[in-house]
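The structures considered in this document are given below.
In what comes next, chain A is part of two complexes: it sits with chain B in the first one and with chain C in the second one.
Up next is the complex of A and B:
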């Protein structure tokens, strides 16, 4: 290297570029923004560093649950799915149509279908630590991949329903999702920058929650803020909204598990 | 050209009896509600506290204004500074009561409308965001904001 200073310099620049590629990949889409781009540098650094990202605690727990047998079938996730590496890309395709149910399900619901149908175990409670841990562990395998909703004609009516819900005024404050997250994205609601409603990193560790939460929980937060009656966790409205939002985010980079303010 | 509208709000039939006042009727003239909802003038000092409160008036979530002690003011809507120079008390009153009557697409919540709303949370069902007296307090405060 001493004999080749230019090469050394080039190599160093190349290395610097490689280091920069990961965070920049999130920022390349100029029209559509991830909430990541609206966060301060310190929160971005917290998300990017597995040692600092609090959501990784759930991921670790998910890893333990992956190989733990459960239910009367006495099976673990790994018994059917094998190494978790095989789940790469799966979370990027959810919600997806569940033929047996005749409707789409999100990742958490898919995990619970495995629980009840394959493991013959009780479903994990909505928003429970175990369910979020498994969802985070599976979603982590798709980190860095483009969000890729399935081209499935059966999903279309549900996406359309989500689109309509997104534009529907609700609650005592008479607001729709679109009025804030389309018409006023980037502006400040109180001290908070309104994001563009691209769910790029769920489940997320939200500082406001001091914990991990699903996209459903985030949607419920907005409903409560609008002073609207929140849907029950099993309501089809959430899956419709999730489908619609993820169809808008198609091609954006999945950051799960992300950190958000 | 705007038609003068006369609107009479009646107590919502079928709403459970609560310890809350019945909606006061009001009359819209052009783009204003000229008369006080309560028949009394409001209190500007109380109005300022309502406007600044994130739980009561909610105003600073969207608006900014001359509140040096309040951090994190919103940028979704025009600053309240100078509101009393731009609008009369009656114009301000209608914009708070039901701004959708002037612009159906407005993001401004209807502070004194309880009908035509969807899926209102149980805790707020049948209640306006602010009472008639609170709205008069807010109007009394906003007209003092001269530029």
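Up next is the complex of A and C:
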């Protein structure tokens, strides 16, 4: 599988693509498409069948973690939240504003707040198996629901910051997210179809990763592909971009945990 | 060690073929990939998968390094008697995982 970002050939194709991109700010397709619709039938079938979707291995692990006590509070997620069914709809409205912090947090960060503040345990590492398993288990409860960003005025400045980041050219290739995902969505970049970048399936099982990964990891991959410096894992830029993408995908169906090439 | 998801129909008519689907968490490290320090990562794959139906082997598979991580294996067998199916994965680094699922065969 020759995926994009890994460099070599892909990077050279990218350079050709910049030349092509600049003068070509063509009218964009107004119909929104999930990355799911841009995948081949066999990958769609893999995502649709819980028995074939490898992300379900993480969901299974998340179910075990949900009832496992942790930290000096010696409490499990279930001790406070009860049945995981109560999490239905939650993933569809994250990132959300965390009043205590005065800023928005994404689902993984929200889970880690419960780890540190409620369970009195150490935060789980970014992209760790456990954190992804819990995120997948919680997100699975919202599958089929419409993406519903919170109507929260406090989020506005962060969405605006994400919007600006999305349109800002950056990196050695001097590209913006919008140049690929708005202006050239549906076209090819190497072997990949450029999707519209809707966060409909996170965390995703990505074939190129041979594993599960968060939206943040996906964004880091795009930044590296643009030859921009990826922000640190706890940088506010990711949450701003995630919020902007969420507001842009309002009403689209959540597929989590999805499969992507 | 190792966790798997196994799916078989709850009941099948005697003589009918039914599908068994199995997904297991495993890195399937090929042995050909260099790690961050340039040294090859040691091979770590599942080598063999078997399925026995009431003690009789009905399906087996030898896996190779070219198979992706978290292998998904689906196959059919014919319903004979009620009982159980035992699925077993073995491989490098003494990897062993076993799952047993019940099957009900109706007349």
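Side notes on the structure shown:
As a convention for this text, the second predicted complex is superposed on the first by the 231 of 261 C-alpha atoms of A that agree within 3 Å, B and C clash if a C-alpha of one lies under 4 Å from a C-alpha of the other, contacts with A are read in each partner's own complex, and residues count from 1 in each chain.
Keep in mind that, in the parts below, contacts are C-beta pairs under 8 Å (C-beta built on N, C-alpha and C of every residue); 3 or more make two chains touch, one makes a residue touch a chain.
From a predicted model like this one, the values you see are computed outputs, not experimental measurements.
Superposition of the two complexes onto chain A shows chain B and chain C fitting side by side, with no clash. Of the two partners chain B and chain C, it is B that touches the larger number of chain A residues.
With both structures placed on the common chain, the touch criterion links A:41 to neither chain B nor chain C. Of the two partner chains, chain B is the only one that A:191 touches; chain C does not reach it. Contacts of A:61 after superposition: chain C is touched, whereas chain B is not reached. In the superposed model, A:207 lies in contact with chain C only, and not with chain B. Legend: residue contacts after superposition of the two complexes on their common chain; A:51 is shown touching chain C, with no touch to chain B.
Once you line the two complexes up on chain A, you'll see the smallest CA to CA distance from chain B to chain C is 16 Å. Note: no residue of chain A belongs to the chain B contact set and to the chain C contact set alike, using the contact criterion stated above.
Chain contact summary for the complex, chain B toward chain A: residues 54, 58, 60-62, 71-76, 100, 107, 109-110, 117-124, 127, 129. Those residues of chain C whose C-beta lies close enough to touch chain A in the complex are 3-5, 7, 21, 23-25, 27-28, 68-70, 72, 74.
Interface residues of chain A facing chain C in the complex, by the touch rule stated above, are 51-52, 54, 56-57, 60-61, 207, 210-211.
On chain A, the positions that touch chain B within their shared complex are 168-175, 179-180, 183-184, 187-192, 194, 224, 227-230.
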